[in-house]
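Presented sequentially are two complexes of chain A, the first with chain B as partner and the second with chain C.
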Partner chain A sequence: MSDKGNTPGGIPENMPHHLSERLDENLTLIKHLFAFPDNTALIIRNLRVPALDAEAAIVFLEGAAEPKLIESTILEPLLAKPSLPYQQPDKLEAVLREIVTSPSGKKLVELQVLPGELLKGNTIFLLEGEAGALTLETPGFQSRSVTEPQVEHVLKGPKEAFIESAAVNRSLIRKQLKERQLVSETISIGQRSAKDISLLYIKDLADPELVTEMKKRLKAINADTIANLSILEQYIEDRPYSLIPSALLTERPDRACSFLMEGHIVLIMDNSPTAMVVPVTFWALFHTPEDQYLRWAYGNFIRVVRILAVFVALLTPSIYISVSTFHEEMIPTDLLLAIGATRERVPFPALIEVLVMEIAFELVREAAVRIPSIIGPTIGIVGALILGQAAVEANLVSPILVIIVALTGISSFTIPEISFNFAVRILRFIMLFAASFMGFFGISLVMTCVITYMVSFKSFGVPFLSPLSPHYRSSKDLIVRPPVWKQWLRPFNIRSQDSQRKNKPEGGD
Partner chain B sequence: MLSRSNGKSGTREYTALLLLTVGLKLSDTTPSILFKSGKIAAWVIPLLAFGVMVVPFLLLLAMLKSRPEKGLTDLLFLAAGRWGGMLIGLALCLVTLVSTAFGSRTYVDIINTMGYQRTPLFALYLMLMAAVFYVANRGFETIGRTAWIVVPYIEVFLALLVVFVWYDVEWQHLFPAAGPGLPILLREGANHGSIFGEMILFTAFIPLMRNLQEFKIASWIGFGACAVKIAGMTAVYIAVYDFPPAENMAYPFQQLTRAASIGQIISHLESVFFAFWLITTVVHFAVYVYLLAFLFARSLGLDTFEPLILPFTGLTMLIGMVPENSSRVNQVLDTTLHVSTYMFILLPFVLWSMIRLRRLVH
Partner chain C sequence: MKKGIIAFLLACVALLLGGCWDKLELEEQAFVVVLGLDKAPDGLVSVTFQVANPQVGSSDKGAAQNEPPSDIVTFAAPDILSAKEIANSVITRKISFAHLRTIVISQAFASSKLFNHVIGSSIRDPEMRRETNLIISRERASEFITRNKPRLETRPHKYYAFMQERWRDTGYVPFSTLNRYFQRLGRDTLFLSIYGTTKRVKTKYAREEDQYLAGEIPQQNGDPVQIMGSAVFKSGRMVGTITGEETRIALFLRRKSMAHSYISSYPDPLNPDYQVTARVIKDGNTRIKMDLSRERPDVQVTLPLRAQILSIPSFTDYAEDPRKQEKLRKSIEDSLKAKIDAFIAKIQQTYECEPFLWHLVARKHFWTLKAYQAYDWGAHFSKAKINVTIRMRIESFGKQIGPPLPLEIEEDQAG
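Here is the complex of A and B:
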């Protein structure tokens, strides 16, 4: 907040707003702003430009700008060019247009924007006698190279993933989407340390109202700084306390592109190895790119397996509790006797049994994420052998329960999206309590409320279960999908400006 | 450019809502009531009742045709003036309240008898109505969407139920086809018109629909399918149980789910059917509670009615708790059915003549 006497650019209010004509004054101001000489990252290189016969200085931040680039595109031309009559009357313009060779740069006169430029990795060029400066692009931030996705694997399909550099991520999208109307807007947010957010959308596809709404929400953010997209998601979502997410983070450029082509908005930011997609529906959380890459029959097969897995992960423990405590008649007699025999030696009610195992499983799961990868294999031994086998032998739980918890666990791993995965896992416990309290009566009531909640939930104005309910026209790519050539309609619920991907094919419906 | 969703329901959502709300009557005491009056031919009565209600419904639609965005309540005020409209509106409200309260009590009785004998009736009632309130409170649009999501599963399970009891079905039980005789059947059909009283009552929802055309299509499909469904299931009950035993059966649908089996091993599926039936029940009563609040607020000329949903849920439950046992409930329901039948059949004609009269006077 600006109550510390800082302007939005982070400049103390008592400092001048504009650069001075005197080089040493400007340098003193910059030194003051960057706490020089304590801060040794600020590098000032004084030089004399023979071409203009004037004292000058270039300023950059170590680690932010690339010294080799500065040397080749700024220093060398400045020092080497002879004194000629230049076309531009303004000296700074002359330097920018006729001397330096860096690909982009601009003139600035306000002191306010100067620190931001340095922090972005740009180099500042100051000239004696000029009340202005040049900012020249020389980014030198380190980032890793493009690798395979860590979370969203596919067997068939592209294997590139986003990395922590926004420029690389934008390039990965451009590479896949050769689209003239693909717009990349930049919005700066954060009061103290401003961060750039790229807003990508296809101008003649995305709903203009959605784009306006998105920009409004971004500008309304009141924060010191936004570290990355995961934090940003929590600032702009529709319902912060809801189990259902309003946005989707994907690490796959191909996925981001397919959403762009449907009229969604994609957000990209430095330090986020993901792209954020809004708005989202249940289907976006449930689908994987592989469903489309595989041939029709195989793609639908894995879809059916996954929707089954969602219900198994959500309901198996609660159905077991219901059936074994309220509706025993459902189990065939032989099996009932077998279960009864194994449960005979277990002293706890079924709910405690299930809770113990479910919590143990969640512990194993959380531990597997946090454990240093070098001692990772121990999790398997402890989890499988001790918790599974030994718990049964010690008569803490019955063997059938181990099967149920394992089945639930395996099923929950098939849910591809992290937020949705958590939603299902948390909801499972709610279902568990409802089932142990009232059996199927409890499950049905809670389930109805959950369905009602899901249909009334909206992400950026788009109903969560649309285009299924409420019904909109679409290519019917919901639980199962039609063959790719039949998917000629963009889903109408996203309100894309052009509803057809192509002309209606022969035999398409 | 497409318009943003404007909070109104379309054909699909409303059809689904009707299929669940009205179709659920096949699973409560309605068939039992029909057995008493229609005997062996009880299954014809729903079709006749539907036929009887078509006439006033058509008249009502004709009156609403020239008045877009207007529903039943607006028509009441138009025909009977401020006070008269309010009076008729409140009377409709009262009928709906009584039938919803006693209807919900019936459902809680069913839950209590068929599955949860040891749980206090009040506790079951409270839980059911809590869920009903949650669903109703989210609005008409949401109820319709919920219905549209669940309706395929419900209808598939209903079809499966028939498949699973197919072995026990004996169609010869349906003969002699005319049952107690045609004149009696026709009279009873007219008397039980209020099985489809929703055809009149739900015209109040027209302002919540996208347009009248969608409302009409959904109504014809929805009510038509429900008439066939209720008639069909009533026929199945008779075909499975035969006539005199069917009459003594309190909850034929729930008995049927007990009879359903897949092969030799899986012979008890009633809990599965119970789970799906319960989802429908919640949607069913959510619609009625919503309708109550809506009718009441509109009758008194109030703009917002959402805050009334909670008090009406509570009131429904309080009234539903009054009767001591289910046979009392059935008596009241039977009486309401008769009284409201006349009311629903006559209402459109009364409104029509009142509007005519006003035109003559002015």
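Here is the complex of A and C:
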């Protein structure tokens, strides 16, 4: 079947738009749509409803609907209810309102929405003599139970993480955010296999323009199907070729909630163990929930450690290169002589040395992600010990390089957000080349470009470095944070409708 | 997008054109850690380079067994930078002054007219740094560098780094860098530089341990270098020397001094056979007041001090008797004042200028620099009436207050 013959609902154009009054005709249509009898997943159960004295059929997809639920909420009531005068004149309405016990269901007459309902795990109830059908909710998709976060660990704070079920994820957010105005809008995207995306925001906080813009971007997506949020992110981001991400994926419901409370939008989708937060700023990528959960001094301590780590991860190799090839006078004499002594036996220039070690480290890192977890632990030993030590022994690199690369690697692990992490790791190589050409001058040149770019970059209309620059009023929760009771302002750069979290505290500023 | 890629590639090409030309790997350079300057015939200067060998004493990994810790070579050239070029005909690596911290200058060269020109022109080289320390050696600088074989330090730069820190503590020598030299080239002030030698001239045994000049300290064994006292420069030329004690006084009389405490011994007022050792600490800035209206300027100097008595070899119980304390205090004050007055008189007569940086105070009395220059502070200083007042208090008597033996026993033995 060619795509051109398909309507948006995935129905061939030559098929009727509405259901017929005849049960067997309807069943034939459905069978045709689902490639029955090749497709054994389509299950059709014919039955006679004694209450209405009519032939009927229920249709569902194996694996999508839960048979036990169908049995208890649909089949049992249908077969057991005696023939009574029902108050609804319409037979299907009567079944829906007075017989079945499903928590939700609705009547439909158009054929083109029917396959979508089946694919969602709903059960279709067809009745002889009625040009319509009932869709009853009986979801039966398998998913794992809620577990601890795999990426965003905290020592202190909630330990629940999102899973691959959108319903569970929405429930996790509802659980944390008992908020009347928390809206969960559903938008369906994808042409062939439509997927539902839940748009969560707090109606009287989030900027209405932002919500409109978000919906516009979602509707503009031109794709066959969207597998999950990670793919969706790439469809709706501001600059696809940028090193800087314009959305944040978090697996922590508490994090998603705190963003909601600031007026951000959270997107949730089936098959994504994460929630997507837009818009994002540098600070969202740099902060962790732990910063707020720990007491003021401790939280700020780890923030300072992390900002230091960002610079170490970004600059250490390039500083080493520029200091050792352009600005020797900056190294203490003892260290200079020690480096010089070991460098004498290394055949390569310092840049090659650094590149060899950095690439080796990136290899170890990539291998550690791809390796089956059962042989994972070996990679640490092989990578760290053998590579570093052996390279030094073989006079391939000088010993100081091992320290530099190790320090850089460790520091890059402290960057919590994976997109930001990649950005820093890639920028490090750009810095390295700039430093090897022009020393500190090159580093400052690239740094200037990076900062200029970050200042001008916008995620969904919000400047990336705001509220620091351009300056907006906020609770000053940037590099360091004030005590929680002083954070009474919502950041103005998000253009939240209510700028205050609470009244200004005594002594707060 | 295509445009973007082209722009990026062009930018990368520009990057290749931009830099690299002064890029040099560490091991391709020879780091000069000590530079020596001597007089050479025909108006040339003889430059001695002490080049550190990274492979000795720095890292176990790259250690070379049969190499010396440093290489010393001497060349005669018109100036330092041309000597640096010539040196590369002998030394395989590119000579770098990036880690040059010490310049040794022979007394003979420092006294010559050529010195100021050689050192003044060398500063144009960005590698010559103004915080380089200056040492004036009694003998030829090349000899000083060759003979300086410290026993505890393998690497030459470490010896100078450690020594310079000690010198700052003791105040026997001034803090002398190239920068200070250039700052104090004017006719209104004297520049003091570290004075040292590896030779022993005459050993004199002084009762007070700081009245020495380098080479005079009674020493047995140990390192050959003695650093004591200062060389006095006037208008960029060395004109004389002062002893360690005089250097300390000169540093103390400055308004703010870098060496703010030193340990010295003074006569014991109650028992003239003994000395009392005390640490004298500057208790705030020296206050200098001047009246420049008269032909003989009137200079009032107040020196606030506090003293920590460290040892009383006579076992007198100063700590327990306030009247004796007062006597001790007065005696130390008097002895200090006598020395200071004598030193100021000597400076006034000999140099017609002062090393105390009082010219900075004098300069404030003039509206314009022209007026100050016309005044000629140096000439007026030499006839100035200078009155130094010492305000000293005794701060402590050490950890153990009383004498180690009970006094009665000593009296019993005496009786």
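Rule of thumb we're sticking to: the second predicted complex is superposed on the first by the 506 of 509 C-alpha atoms of A that agree within 3 Å, B and C clash if a C-alpha of one lies under 4 Å from a C-alpha of the other, contacts with A are read in each partner's own complex, and residues count from 1 in each chain.
Convention: a residue touches a chain if its C-beta (ideal position, glycine included) is under 8 Å from a C-beta of that chain, and two chains touch if they have at least 3 such contacts.
Because the structure is a prediction, the values reported are computed rather than measured.
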Name the contact category of A:451: first (chain B only), second (chain C only), both, or neither.
-> first
Regarding the shared-chain residue A:350, is it in contact with chain B (first), chain C (second), both, or neither?
-> second
Of the partners chain B and chain C, which touch A:438 in the superposed model: first, second, both, neither?
-> both
Is A:468 contacted by the first partner chain B, the second partner chain C, both or neither?
-> first
State whether A:324 touches chain B only (first), chain C only (second), both chains, or neither.
-> second
Please work out whether A:399 is in contact with chain B alone, chain C alone, both, or neither, and reply first, second, both or neither.
-> second
Can A:209 be said to touch chain B (first), chain C (second), both, or neither?
-> first
Which partner does A:63 contact after superposing on A: first (chain B), second (chain C), both, neither?
-> neither
Touched partner set for A:497, first chain B, second chain C, both or neither | first
Which residues of chain A are in contact with chain B in one complex and with chain C in the other?
-> 326, 329, 438-439, 441-442
What residues on chain A touch chain B, complex-wise?
-> 207, 209, 322-323, 326-327, 329-330, 332, 438-449, 451-453, 455-456, 461, 463, 465, 468-471, 492, 495, 497, 499
Please name which positions on chain A make contact with chain C in the complex.
-> 241, 324-326, 328-329, 333-334, 336-345, 349-350, 392, 399, 433-434, 436-439, 441-442
Where on chain C is chain A touching in the complex?
-> 1, 4, 15-16, 18-20, 22-27, 29, 31, 33, 52, 54-55, 58-59, 61-63, 96, 98-99, 101, 127, 129, 155, 157-158, 161
State the interface residues of chain B toward chain A in the complex, per the touch definition above.
-> 1-2, 4-5, 9-10, 12-13, 111, 115-116, 119, 124, 127-128, 130-131, 134-135, 138-139, 141-146, 148-150, 265-266, 268-272, 274-276, 278-279, 282-283
